[in-house]
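Presented sequentially are two complexes of chain A, the first with chain B as partner and the second with chain C.
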Partner chain A sequence: MPKITRVQELVYEIKIEEVMTRNVITVTPQTSMAELREILRTHRISGTPVVKDGELIGIISVEDLIKALAGGEIEATVEKRMTTDPVTLCADEPIIIAVNHFARYDFGRFPVVDREGKLIGILTRGDIIEGLLKKLEVEYHEEEIRRYRVSHIFEDIVSDRTSLVLRYDVITHDFDHAGEASSKIKRALNRLGAPPEIVRRAAIAAYEAEMNIILHTDEGGELVAEIQPGQIIIRAVDTGPGIPDVEQAMQPGFSTAPEWIRELGFGAGMGLSNIQRCADEMHLESPLGKWTSLEVVIYLDQRGLCSRSESGGVIQVQAPQRRRSET
Partner chain B sequence: MKLRELCRQLSLEVRTAPEKLDMEVTGGYATDLLSHAMAKAQAGNVWITLQGHPNIVAVASLLNLAGVIITEGMAPEPATLEKAKEQGIPILTTPLTTFTVVGKLSALGVRGVDET
Partner chain C sequence: MKLGEIVSIVEGTLLFEADLDMEIPCAGAADLMSDVLAFAEPGSVLLTGLCNPQVVRTAEMADIVAIIFVRGKQPPPETVALAKGKGIPLATTPHTMFEMCGRLYQAGLRGCNISCRIEPAR
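Here is the complex of A and B:
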């Protein structure tokens, strides 16, 4: 189904009285066509309602004037040349009604009346377009302010150390929701106005960290994104079983994933090296049989742009000495 | 080349997000290993794989891929289609093998990440 655009919504929301022209120039039935010509010319309008004793009795346009001129009836009264019983619009109706009227009748303008039938305005296609554009502009402006507020949160909210912490519970072997936490982190970073390259790196690191918790932990763990003014920290902490040989685990292609996980396309042994590639700093600590804590830092300022090499940034792996036979 | 044109040329079946076919395809990448896709595929790439489980959508969405082509008539899981629809990721299926699909894409001028 095609999506309904904001403009389509607006034509149902905005009322005719919000966009119509209020100071209506009117003429009386006794006005001559010559006088009408002057009125249309000075006010730069192409038609006007005809009012008698405050009551709307007709409408006259530049077309009627041309016909009168062609017929040599420039001194005729408006009453003779006007369209009587003009089609009107009600002020409190939505502008979709007006749009339909313009489509249905071949008129350039409609007088707008209140519920008592009193003339209170006039509406042209131009009024509708202008009204819609104004409304869209206001909404756009509001959205701009909202975006500005989010992306300047770290300037607006002052503390000695400000950070925004997003925490996600990751459940082991929950492939149905795999990748959701990292998707949400990506969305948040976009919302905060982080540069696309930073968002991409953070998203990849978060995804691989999330997958590691899903694939390899006993009971799942927590994925945390901490956004600070100068850097983004992705943290993945679980409650075991820990990594037998951290250095080996860092090698591209090394994997301990069982066959069924590999068949799903996971466990290619690229997770940690992918993370390393995206990180400016990477800290991995994993006492065997206890827990694993992975911390990835991505710099938002010049520091990162200057120091980061293709193969990744500062890598700090903390693992106690272990016997190889444990692996 | 637009994704719509690729679908037409290769007679791919569009399973989700038909409204996203006007995206310009920036290149292609083929693998069945998700971490490799995560590492190599670029934004706007089309990814050719045998995998049909929901995680391909997460990868495609995180990397802003143009779409995923599932080959050899593998049926994507219902959850995959649901997620792809939700996130606006085109899932395209074909009975052709990955090799053939890549060959055809190459002939149409779609380049690999190491060629661009």
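Here is the complex of A and C:
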């Protein structure tokens, strides 16, 4: 996959000083190879920087020690066997620089210096891996806590009637953004930890309702998702033109959509029956020439999961002549 | 069936890199998005001749995991960009919808198992 992973991002974000080993064991140029062997053995390290008067002048590794042993020069000083002008890393650089250094040079470790060139740490491949894993673990924990908090919002925030209301303005004939509101509702429900089948039903109902506002209204309308502890309510309200015959509009396959709507893949006359299919309760009110108000209720608790019939739940259609002021 | 197998059976071209090992249990085919919303099973692949971004939106809502455009149709950049953002792989095939459904079915991919029986509204 061409997707950038979190680890790939992290190698650019984390600085070398965050993962390097700080308490560096060093030797002086006058240290003998025999002493070096003891230092490497007791600290279980495979190399160490050589420092003279606080200044980094070289690096010496177990390989240098083996070569010295083979040449019978166990009493030689480090100064004679070390690599001078060692390649260093800057503490405030991102670890991607170090990763590239390890790939380019065949060294097991790099001394880390500050901007003044003073030795302040040492970095191995192991340090990088450990640093990345620690960071990932911390982020994983934070994400877990965040997820827990969101999914327990209704237990943490207590009132007599708690609900979370998400409102979206839907603009008529705005095909470029069609479906965005429903997409956001779907994401919110997922974050709140609603079961996938419930999320899917709410998303499909919201999307059909959103498309109805975009395709059929004069001036657009509003899509609202109200999330309560036991149910999700999707409301779509617009300012007209209203539905001439609500009963007829509910019939699967009945459509008044012109050709241009059909070309978009909609207008098959399935919108309202799809919404009904997803709903535990559906309330539709539409006085002709006035407005349309659609309310879909999806139960989150057992009564919804058990009692819902395959074709949808309770349908309540208001007579078209009824006025809002009378309700 | 794996996505890679499906793409190869339809002689399809992927429009951007995708996880070909993704397991897809069933398929649906339609040009009307409301039909897709009514009859698609979560996790399925959609074969369609419609190319606008609403196809991707529909897939997103119905938990469809991949889309194949039939009859050699090339989706516009908006559709491709939206699908990339949602992580829904897209492929195109020069063949007809009927031909592709036949080949996939013959290879053992089943249809979405959602009842198409429609009850009149009460």
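Just so it is clear, the second predicted complex is superposed on the first by the 275 of 327 C-alpha atoms of A that agree within 3 Å, B and C clash if a C-alpha of one lies under 4 Å from a C-alpha of the other, contacts with A are read in each partner's own complex, and residues count from 1 in each chain.
The working rule: a residue touches a chain if its C-beta (ideal position, glycine included) is under 8 Å from a C-beta of that chain, and two chains touch if they have at least 3 such contacts.
None of the values given here were measured: they were computed from a predicted structure.
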item	value
When chain B and chain C are modelled together on chain A, clash or fit	clash
First (chain B), second (chain C), both or neither touched by A:I171	neither
Superposed model, chain A: greater residue contact from chain B or chain C	C
Chain B versus chain C as contact partner of A:G271, first or second or both or neither	both
Touching partner for A:E208 - first (chain B), second (chain C), both, neither	both
Touched partner set for A:L132, first chain B, second chain C, both or neither	neither
First, second, both or neither for A:I198, with chain B first and chain C second	neither
Touching partner for A:V62 - first (chain B), second (chain C), both, neither	neither
Overlapping contact positions on chain A, where the chain C interface meets the chain B interface	175-176, 178-179, 182-183, 186, 200, 203-204, 207-208, 211, 264-266, 268-271, 273-274, 277
Residues of chain A that touch chain C when the two form their complex	1-2, 175-176, 178-179, 182-183, 186, 196-197, 200, 203-204, 206-208, 211, 247, 250-252, 264-266, 268-274, 276-277, 310-311, 315, 317
Footprint of chain A on chain C - complex, ascending	16-19, 31-35, 37-38, 42, 50, 52-55, 57-58, 60-63, 78, 115, 117-122
Residues of chain A defined as touching chain B within the complex	3, 175-176, 178-180, 182-183, 186, 200, 203-204, 207-208, 211, 264-266, 268-271, 273-274, 277
Of all residues in chain B, those that touch chain A in their complex	19, 32-36, 38-39, 43, 49, 51, 53-59, 61-63, 79, 87
